[in-house]
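Just so it is clear, A, B, C and D label the chains in written order, and each chain counts residues from 1 on its own.
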């Protein structure tokens, strides 16, 4: 990751969903922040970006990592630009983390946060470290393994509160698709 | 991860493939070591464990993380117990990291390294830190994201040589399955 | 399949997309008709039903099988009930077959075609034979293999114009994920 | 499919598994026969060809369609050429249909049935109609939908005993990944 990081710009938001109060990045110092920029009618966001963001939220402790969705509509405004449409989408796709609606630009094209971060499209993923520095931006797909490692690197930079990722180990009692356990009679 | 770690037992090996010289764990101090215990006729190893081990080798720097396969045959010895069978398997599945053949037990059942580590079956994954302590064992499947994070945690414990995971970002020029880039005319 | 079939009710449609002229089922006698009922914010439709309908259109000859989408909105009307929203969706998901917008019911809930066919939800798939009889309805997922067989059974009922499904054979020249070709020197 | 079909050559087999008696193709007149030629160490066979053959056996009635595996070893004979190795493989991958071991050639390379059918490699799939004519050969991957249709075409050629493919419909009671059912209160 680029160590010459820049302070992450504050989100410019017209509305929030899945949170009772707006979230200011500046008040989240001490946490790693993952921002998933998406559009509800972007196929790559639906099939890849948003499920990955959900896996991040499930894998890391909420005490260490905050996942935020950013609905940055830059096309099809009439179809995906309303709070009602986004609310229905989040409900159907069972997305529970806070989602910000990126404030529309004055010229009706690139919304304001998307422009401030110079995002190249959706899905984009922004990683912000515990000190509020923007450390990484991905456009398009990135592997879960590389992303898990990058987030853990940021989590590990604060010596005081290491995160212990949840070990999602499948416990098997027979030889199935996941593996072959030793029979009780075999291990002596 | 368990901080009350134990020194990792040395591998007890009857033969090595994909390496010109045997590997002693004790000589790898300073590296994180990932051991993937498998059997060539274990479906979960073929479909999940081994591809994941290959992704580990591709994601992390070889200077930081060493991936070793461990062929721990505890059933179907006649079918998968020969060097010739394993050689053919590694060739067909294009597995390039070093693979140790776990030394058969004297009673013909659980091989010796598998018994020493008290592995519950295959696939199993063992994580050893830079100081040679066994820090984690997984039996069955574990998510790429959690595993990437765990390995990165171990990589990060040595302050001198941080690993930079390869960012495998898909660079897209049109709106495709991976995402929707901003058209050049849109971002002003 | 149920041989006591009923004549398929005509679609009750408020608008059409991806076709220059409305489609009357009665004018399609001689073709097998596959109707994919969906909602654009239904996850199972997006991930399963619609891609399967596209595979049907790609596998069978257009001379034998007509695939029609039916947008039957029964929830989230404000988010997915407009022609603009559906147009954007079809564009982003690259769905090219004709799509009918199911006529809203007078009470604002179950649209009229969906009610006439007593569909249980979305995605649903309706198979109509060459004589205009409704022969099968599926709610939820059905395997490609069973569905390919069912459609072919209907195609085969007309003796005059058998369809030859496109053989989408992957032609490989080396031993790859798809298979192991015989080396030229091996087959003598 | 090619209507100028040839009579299918009899299998030349050194041994059978998963059947108490050898199978002669000539004695199966009246059934469609699907032969899946594979090697146990062929990755494309393990990940694609054999699971597809199992889906064929599950989708079509055994009264109409007979699925036979053909282990045609043309490389790595020492690793995959024994009955013991194949027995272990079939057990671990839970393959239940009859499997023939293709008779080795006298020169130790292409086995005899593979040579007789001029198969290009593994996996290969051979379709034989109810009258014993070889109607289609696929090398590499073919889609489930096209294959289901091709098999059904052959099944349908005999007027006396039509097959009814099992409708593997997922029955859902809530809005889940598979679909959105109409609430009981909605459909009036």
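Operating definition for what follows: a residue touches a chain if its C-beta (ideal position, glycine included) is under 8 Å from a C-beta of that chain, and two chains touch if they have at least 3 such contacts.
Fair warning: this is a prediction, and the values are worked out from it, not measured in the lab.
Chain pairs C-D and A-C differ in how many C-beta pairs they share in contact, with the greater number at C-D. Ranking all chains by how far their C-alpha centres lie from the centre of chain C, first place goes to B. Taking the mean of the C-alpha atoms as each chain's centre, chain A and chain C sit 34 Å apart.
The mean-CA centres of chain C and chain D are about 27 angstrom from one another, to the nearest whole unit. Looking at chain B, one finds that residues 42-43, 47, 75, 92, 175, 180 touch two or more other chains. Only residues 1, 39, 42-45, 47-49, 55-56, 59-60, 74-75, 107, 109-110, 115, 118-124, 136, 138-153, 155-156, 162-172, 175-182, 186-188 of chain A touch chain B when the two sit together in their complex.
Against chain C, the residues of chain A that register as touching in their complex are 41-43, 46-47, 75-76, 78-80, 82, 84-89, 91-93.
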